[in-house]
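In what follows, structures are represented as structure tokens.
Common to both upcoming complexes is subunit A, partnered first by subunit B, then by subunit C.
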Partner chain A sequence: MTGTPMEWIRFVLTAVFMIVGLCSFICAVLGVFHFGYIMNRLHAAGIGDTMGLMSVLVALMISAGFGMDLFKLIAVAAFMWCTSPVSTHFMGQIEYFTNPDLSSYLKLRRRRGDTEET
Partner chain B sequence: MSIETAYNILYMGSLIIFAILIGVMLVRSVIGPRITDRILSVNMIGTMIICCIVILSRYLDEGYLVDVALIYAMISFVSVLIYASTYIPARPGRRPLDGRKKTRRKGDRRNDAYDPYEESEEPGPVYAGREAEEAPWAREAWRRQTGRMPAAAVSPEKESIRNDSSNEFGNDFTDGIKKGVKKDFKKDNRSGSAGFGSGFTKVPKGGRQ
Partner chain C sequence: MRKRFKKWVMGRTDVMDRILDDASEIHDQPRETIKKQRMELVREMEERPGYERTVEAEQKGFYLIYHIVAVISCILLIGVLLYTVAMLPRYGEENTRADEVVERYVEHGLEETGAVNIVSGMILDYRAFDTLGESHVLFTALICVMILLRVDHKNMRSEYEDYYTVLSDRYYSLERDTIIRTMGKILLPCIFVYGIYILLNGQNSPGGGFSGGAVMGTGLIITAAAFGFDRVDSFLPLRVSMWMTFLSLMFYSFAKGYVFFTGANGLENHIPKGVPGAILSGGLILPLDIAVGLVVAGTMFGFYSLIRRGNIGGA
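Let's look at the complex of A and B:
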């Protein structure tokens, strides 16, 4: 086998993080198909956006070594971690405002303008 | 086996698995019964494509592909924002399509803000200000026609209305002013941010899909 032990250790670390990331994405996709309602699917999809993406990017950071690529990958990870919860929140709001049958799925809090006829 | 071969096998295997996952999410975007399922699947496909691009950047040893992945992440985020701005109404009196109109009380003026989900009626002339006391017949006619008080009939500066203790015009606005309490109109209107409810406990009616 060619390559120093240090390079093989780096490869093993890369492979471990990559496999963890792949398993996270598989769990996220399975969760999206397993649940029946969009709100639960949003929760399952968050696994892919956070853990899956972070593991894959960490694997590639280890493989890239110390250089410009490392900081670019850190920038991608930081951006996705900041914007993915916002996207999820907006998707929940879209569901709240466009579903006329919301009360049959969710237990909605009583609001001040409501009477008992709801 | 050399290091490069091992890395190539790892990257190729990851790319193949990601391609399979993207195809599976495409199925969800086709069969998803609601619009939000499709938006979610497109967002997840975008995340997986970002992973594919950064893996490709290491596989081909091209550093600029990471910049492409960053721009793609921004575009996918902005696309979800545009979907949201299309479907979420941006008016102060906004509320969901939940049929909450049925729960309006008579004389409840809180929902008099413009509501895009309500069909627009022909309002006719509004008698407000000084004319409001001189023409109570017009106010009564409006109330009979539309079933609610005219929106501009009450002004807090009017002495006569402030001292008016008749119950048929009773609404929270003048009551609050009589008691000297400032009423925050905006806070009472339904806005979307407080509305998620207490939990996702129910299974949809058809059972699990």
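Let's look at the complex of A and C:
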């Protein structure tokens, strides 16, 4: 047992966030290989892209401490959180608009405000 | 509870069923008609000669052999790579197997090429012939993909969009999507500036033509995805991009040919090297970096555009 209590708290927090992140990445990989349809796979991949990535980055931020690395990691997190949900959305939209057999995979529902021609 | 969770995972029930109870289901008519047409196409394909033979080949265990070969080759590749890694010297130890070439690169690289980044000096000065070949491979690949995938009036059935192309999702685009447009507006300047930075700073820091060109090509792809191919056409039409790629390759070939014939093996190189570390340094490395970057950006955007639309840019 070496190190101050502060260092131990940091280490434990880092480990917890890292494990959460890795678990969600494992979920994402399992989901991507388990599901057969693109929407389910997008959902699974989105878990890894957002929560897994953020947890791993938070763990790295805690272990890096205050400094230039922290800001670089924040920039990486901002960039990834801007881009990966948008790309997921993009793929989902393309699937929705171009798959002619969509209603055999999904239940399409009309929201209350929508008109007849959607 | 466990059963319901399993059902949900397998995709048989929807947890949103109760929440959206009052919403009515859409029976989408246009999709149904397109589906019927697709089924007719599939039936037509099944009646063609040769279809049964293909199916038979699949049933005869083609996929079994395929999987076995894939697994064996993957294991072989992993073994070879791990063996090679085990042969490498440890970090920081003296490499006893290093030959004079490595020593020469590390010790005299800066004064001979003028590049702080030794890798840049290597790939664009000592071994520029190799990089020249790589650029030509990219250009050739672009031409081949163009031959295979380009759709223009010469290989369409009629001047109008015919039955098959209307069904194709080639003519669909998401230009009006607010989310993608907004993120594109925010991100595109950063991406282009970063790509140009990597491109111009290749001789001083990690990066260079290939990575900078890849970032700029990604920027072009995002422009096309968010704002439509017409937006890309407004600053980089097909003619311009082809001439850009071609002229970059020509410049590379001539510049490097000049260097090969005059200064490659210790003879004097007439291009000034500049102060190491400055942007305008490294002699020919900076212009060559820019040429390689333009080739790579044009090739990446060309691939995306040809696969998506069957043409480079709009039209």
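As a convention for this text, the second predicted complex is superposed on the first by the 93 of 118 C-alpha atoms of A that agree within 3 Å, B and C clash if a C-alpha of one lies under 4 Å from a C-alpha of the other, contacts with A are read in each partner's own complex, and residues count from 1 in each chain.
Quick note on the criterion: contacts are C-beta pairs under 8 Å (C-beta built on N, C-alpha and C of every residue); 3 or more make two chains touch, one makes a residue touch a chain.
Quick caveat: nothing in here was measured; it's all calculated off a predicted structure.
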Between subunit B and subunit C, more residues of subunit A are touched by B
After superposition on the shared chain, which partner residues are touched by A:L60: those of subunit B (first), subunit C (second), both, or neither? first
Now for A:E7: first (subunit B), second (subunit C), both, or neither, which partner does it touch? first
Just to be sure I read the superposition right, which of the two partners does A:F97 touch: subunit B = first, subunit C = second, or both, or neither? both
Touching subunit B in one complex and subunit C in the other: list those residues of subunit A. 35, 37, 40, 79, 83, 86, 90, 93-94, 97-98, 100, 102-104, 107-109, 111-112, 118
Give the list of subunit C residues in touch with subunit A in this complex. 11, 14, 20, 22-28, 31-32, 34-35, 38, 167, 169, 172, 174, 177, 179-180, 183, 186-187, 225
Quick check: in the complex, which residue numbers of subunit A touch subunit C? 35, 37, 40, 79, 82-83, 86, 89-90, 93-94, 97-98, 100-104, 107-112, 118
Subunit A to subunit B touching residues, read off their complex: 1-3, 7-8, 11, 14-15, 18, 21-22, 25-26, 28-29, 32-33, 35-42, 45, 48-49, 52-53, 56-57, 60, 63-64, 68-69, 72-73, 75-76, 79-80, 83-84, 86-87, 90-100, 102-109, 111-115, 117-118
In their shared complex, at which residues does subunit B touch subunit A? 1-3, 6-7, 10, 14, 17-18, 21, 24-25, 28, 34-37, 39-41, 43-44, 47-48, 50-51, 54-55, 57-58, 63, 66-67, 69-70, 73-74, 77, 80-81, 83-84, 87-89, 94, 96-100, 102-105, 108, 110-111, 188, 190, 192, 195-209
